[in-house]
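Presented sequentially are two complexes of chain A, the first with chain B as partner and the second with chain C.
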Partner chain A sequence: MDNIAIVGIAQTKYERRKKDKTYLDLVYEMTTAALDDAGLTINDIDSVVTVSNDFLDGRTISGMAVGDAAGAYDKNISTVEGDGTFGAFYGAMRVLGGAGTTLVVAHSKGSEGDIKTVTNAMFDPIYQRHLGIEGITSSAIQANAYMHKYGITEEELAAVSVKNHANAMNNPHAQLPLDLTLGDVMDSEMISDPLKKLDCSPVSDGAAAIIIADEEQAKKAKKPPVWIKGFAHCADEYLLGDRDLADPRALREAAEKAFAMAGIDEPMGGIDVVELYDAFSYMEPLWLEGMGFCAPGKGAQLLLDGITAMDGTLPVNPSGGVLSAHAVLVAGLARIVEVVEQLRGTAGARQVKGAKTGLAHGINGPCGQSHCVWILSKEMRG
Partner chain B sequence: MAQRVAIVGTGQTDHKSHRPDVSQREMIHEAVTRALKDCELSIKDIDAIIIGNMDHFESINYVDTWSVEGSGGVMKPIIKISTGGTTGASLAIGAYYYVASGMFDKVLAIGWEKNSESDTTSAIVTCSDPVWDRFSYSGAIPSLASEASAYMEQYGATQEDAARVAVRDRKNAMNNPHAHLRRPMSLEDVMNSPMLAYPIKLGDVCPRSDGACAVVLAADGVAQKITPKPAWFIASSVRHTYTWFGDSTNYNEGLVSLQRASSEAYERVGIKNPSEELDVAELYLPYTYAGLKYIEALGFCGPGEGARFVGDGHTEMDGKIPVNPSGGVISTNCIGATALLRVAEAAIQIMGKGDKRQVPDANLALATGFGGCFWSDVVILSGDRP
Partner chain C sequence: MAQWLENVEPLTLKGQIAVPYTWWVGDTGSRFLNAVRHEEKIWGTRCETCDAVFVPPKKNCGRCFSSLDQWVEVGTEGMVTAYTIVRFDHPMHPVKGPFAYALIQLDGADVGLLHLITEDLDKLTNGVRVKARFKEKSQRTGHILDIENFQII
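Presenting the complex of A and B:
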């Protein structure tokens, strides 16, 4: 793979409801902000990938609504429907494939729809949808499967929420910076057993953008480029009953590919910071297992041992993660933006000291059916 | 350095108004199986999948992950791309970039739509802005009707001129075993068909079809081992120029997005006189008037000369530049697949697999996609490795 890099980033503050802005406004603001960050103008952008979803936006051809706002007039544009990490992956394929400097922008306004209805529409329309299964209830099934398989307790999962909401207090973009105790999480309202309110990510409004460029352009960038060392995505079976929900094998496949590309033999020693898609507290340890940072069933122990804390050897979600702000589709792209901030050394109060290589992660479909893993670095591929 | 890319296999369903015999995923599977068979590969050989349709037509969210039982995407990379009518071309171009990146050797593009299980117009009206655009452009036909009226006013084209496009495409569809509407129409049939929105009559406009299309793209060095005659992807160009229908309605300029996309693609390939140099064109003509106006945007003839160019037979199977040997969109329209079918049919011509619809010795083929807010995509395929 040729060297390509992220040269511009932007993200909004995430809020429960951005009453004063349409999602077109958000896309325009993030496009402009990412260009400023990169020291580029819209004329320097050759290709655009917007990330949207007709269900979330309540519009058919949802990409059509944001073409203008993304500055795509007269440009080579396409639209990925799915998490922003997948949109960014396609953006990177375009850069590698010769399309030139590419802007990727994702938006969502959870406040303008009903997330349960939207995620219910992921499920089989004939046999499953009418049961009411949606994002939260399906994840509760996965949480139970995971806890049952390895004897993990609700308290161990609640600790993830305590850590990430505390991290969010260092992140000006986060929606839910919270100083919580384990008791607060355990006593919060039961939403879908075993998931309590504080085990669940919020509904959010927000947007984010990144600009990807080839080596020649990246070297001219205003800020130090963050290089893409390795990345991959992979999807598992569709029906929940066809999967071992406690074994994220698609993530393992994607992570192994990404690490191999990046030349990292031992994930734990090779990565300085992780930003992963913790839509629910149980996802953080489960995804860490899938990524190969520990043996299956040992993810929760990493937190108990302090390894994933800000001062641990592998800080996970210094931003507060998806638990602290969950603009669907944007959330994975925000993980990439956060890792870029870390590697630039511009993450402010949430900075992991000396971070050189980071991992960003996004998911698509029910219970993390599809995963996208990015290994980013201050250094180019060798 | 971008990798060279070629199409090595295509597959499509037998398109119909209703396919009650298959579920949506079974229909996708049918196209995938045929594409793999066409290039003698198995799903295990496929490194990544790009799939697309229109979310609200079948009301399935996250079609990429939902589809895997039909698409073969289990334990593979799969993403969804959706751009309205241009979706199929966007899929082909997406698969092109996946291969061109050098990261994937064999990539499958899948477009599909099961319109019999949807209320197409109810869904499509929501593409325009709810406050400013929706009241005036509710659905696909009104904007096309105003485009057609403006074209007739500007150049004096008649309803009969347009009807000849339907006669041609429906005649060609007789040679395509996969086409949905395999029934010829005479000029009188088109003229006597019910008026939908002046000047568009039922015979002028595309149907809604159930169907899927799958195309396998492969990298240079791999492609030649799969098939003796790959269809090389030598240019693509995209202009999804407008967000607002109100911005796109200066119809007298011609189809601006297609003018710009095609001239960019021609320049890349070095085409100066398209109707002389191209051997065949598979065009996304959603209705007959497009068959006059859009060939002007493509430079097949001058502005206002479309009716005469078609009337003189230059776009017939034995003409200067055969247009839509497959029968085109007027004969088959499974929306998320429609533009991919154009690319697949162009590849079929290059690979010499067109059977009764084959244009002899086709070596340079043009495919287009149309959709969204008067958007255009252009793909040029060649028998010669670039």
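Presenting the complex of A and C:
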């Protein structure tokens, strides 16, 4: 693979409701901010990938509606309906394919629709949708399967919520910076067993953008480019009951491919910081297992041992993660933006000292049906 | 927030996407739902390559991509492999909470069928045996909820 890099980034503060901003406002602001970050103008952008979902936006062909705000006039624009990491994947493929410098911008306003109704609609209309299942209850089934398989306790998962909300206190973009105790999480309202309110990510409004460029353009960028050393995407079966929900095999496949591309033989030694898609507390340890940072069933132990804490050897979600802000579709792109900040050394109070190589991760489909893994680095591919 | 906005009344616009849709259930789905409706029987399709019986049935295996045409009747009883008890209400729920969603591996099947458990929730565990309760024949329409729910045995 040729060397390509992320040369511009932007993200909003995430809030429960941005009543003073439309989708277009958010997309325009993030496009402008990412261009400014990169030291580019809209004329330097050759191709545009927008990330949107028709049900979330309350309109069809929602991707085209934000074209003007994304500076896509007279340009090659296309849309990904899925998490922002998948939008970025498409953007990176465009750059590798010779389409030139590419902007990827994701937006969503969870406040304007009904997230439960929207996530219910991702389920099969013949066999599952009429049962009323949606994002939270399906994930609760996955949490149950995971806990049952490995004997993981609710307290072990509550500890993830405590850690990530505390990390969010160092992140000015986070929606839920919270100083919690295990008791606070355990005593929070039971939503769908075993998930309590503080095990669940919030409904959020927000947007983010990145600009990807080839080696020649990246070397001219205003800020040090963050190089894409490996990226991979893999999907599992669609129906929940067809999968082993406690075994994220699609993530294992994607992570192995991404690590191989990046020339990393041993994940724990090769990665300095992880930003992963923890829409629910149980997802952090489960995804860490899938990424190969520990054996299956041992993800929760990483936190108990302090390894994934800010001062541990593998800080996970220094930003506070998705538990602290969950603008759907945007959240995965935000993981990439956060890792870029870490590798630039500009992450402020949430900076992981000396971070050189980081992993960003996004999911799409119910219960992590598909996974996208990014290995980003201060150094180019060898 | 821009300063001038303080002097402007912010407006919102209410609406919804409500698109009527009629799904073709498909020949495989029609055979499955008609067996539930007319015979109180549950059928799956078997993948020989993967040695797996899928319920609901599918026309091709998601794992090995083989075409599936071998029908297998599975039991109306099975085992709960994973579940959640839902504590909140929402208009799209078919029943009032608390109730449970469960993945149920029916006898003879290799995957979990997603369905409802509405009674004896205090007895619900991973591995508990359950049995399908069908709606009265006159109430059945060829719908997944022709199986009203699963009862803990």
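The definition used in the following text is that the second predicted complex is superposed on the first by the 382 of 382 C-alpha atoms of A that agree within 3 Å, B and C clash if a C-alpha of one lies under 4 Å from a C-alpha of the other, contacts with A are read in each partner's own complex, and residues count from 1 in each chain.
Heads up, the rule we're going with is that a residue touches a chain if its C-beta (ideal position, glycine included) is under 8 Å from a C-beta of that chain, and two chains touch if they have at least 3 such contacts.
For clarity, every value in this text was computed on a predicted model and none was experimentally measured.
Visitor: For A:Val273, is the partner it touches chain B (first), chain C (second), both, or none of the two (neither)?
Guide: neither
Visitor: Does chain B (first) or chain C (second) touch A:Arg249, or do both, or does neither?
Guide: In the superposition, A:Arg249 touches chain B alone.
Visitor: Specify the partner with more touching residues on chain A, choosing between chain B and chain C.
Guide: So, of the two partners, B touches more residues of chain A.
Visitor: So, does A:Gly132 touch the first partner chain B, the second partner chain C, both, or neither?
Guide: It touches chain C, and chain B stays clear.
Visitor: Once the structures are superposed on A, label A:Arg59 by its partner contacts, choosing first (chain B), second (chain C), both or neither.
Guide: both
Visitor: Which holds for A:Gly82: it touches chain B only (first), chain C only (second), both, or neither?
Guide: Once the two structures are laid over each other on A, A:Gly82 reaches chain B alone.
Visitor: So, A:Leu323: does it touch chain B (first), chain C (second), both, or neither?
Guide: It touches nothing on chain B or chain C.
Visitor: Let me test your reading of the model: by the given contact rule, A:Gly67 touches which partner, first (chain B), second (chain C), both or neither?
Guide: After superposition on chain A, A:Gly67 lies in contact with chain B alone.
Visitor: Check whether A:Met122 is in contact with chain B, with chain C, with both or with neither, and answer first, second, both or neither.
Guide: first
Visitor: Once the shared chain is lined up, is A:Glu237 touching chain B (first), chain C (second), both, or neither of them?
Guide: both
Visitor: Please write out, lowest number first, the residues of chain A touched by both chain B and chain C across the two complexes.
Guide: Residues common to the chain A contacts of chain C and of chain B are 54-55, 58-60, 125, 237-239, listed in rising order.
Visitor: Residues of chain A touching chain C in their complex?
Guide: 19-20, 54-55, 58-60, 116-117, 120, 125-128, 130-134, 137-138, 140-145, 148, 189-195, 237-242, 245
Visitor: What part of chain A is in contact with chain B in the complex they form?
Guide: It is residues 1-2, 53-55, 58-69, 72-82, 86, 89-90, 92-94, 96-99, 118-119, 121-122, 124-125, 232-239, 249-250, 253-254, 364-366, 369-370 of chain A that touch chain B.
Visitor: Please output the residues of chain C touching chain A within their complex, sorted ascending.
Guide: 1-2, 5, 10, 12, 15-17, 21, 23, 25-26, 29, 33, 54-56, 62-63, 81-88, 90, 92-94, 101-105, 111-116, 126, 143-145
Visitor: Considering the complex alone, what residue numbers of chain B touch chain A?
Guide: Result: residues 1-3, 54-56, 59-69, 73-84, 90, 93-94, 96-103, 123-127, 129-130, 237-244, 260, 371-373 of chain B touch chain A.
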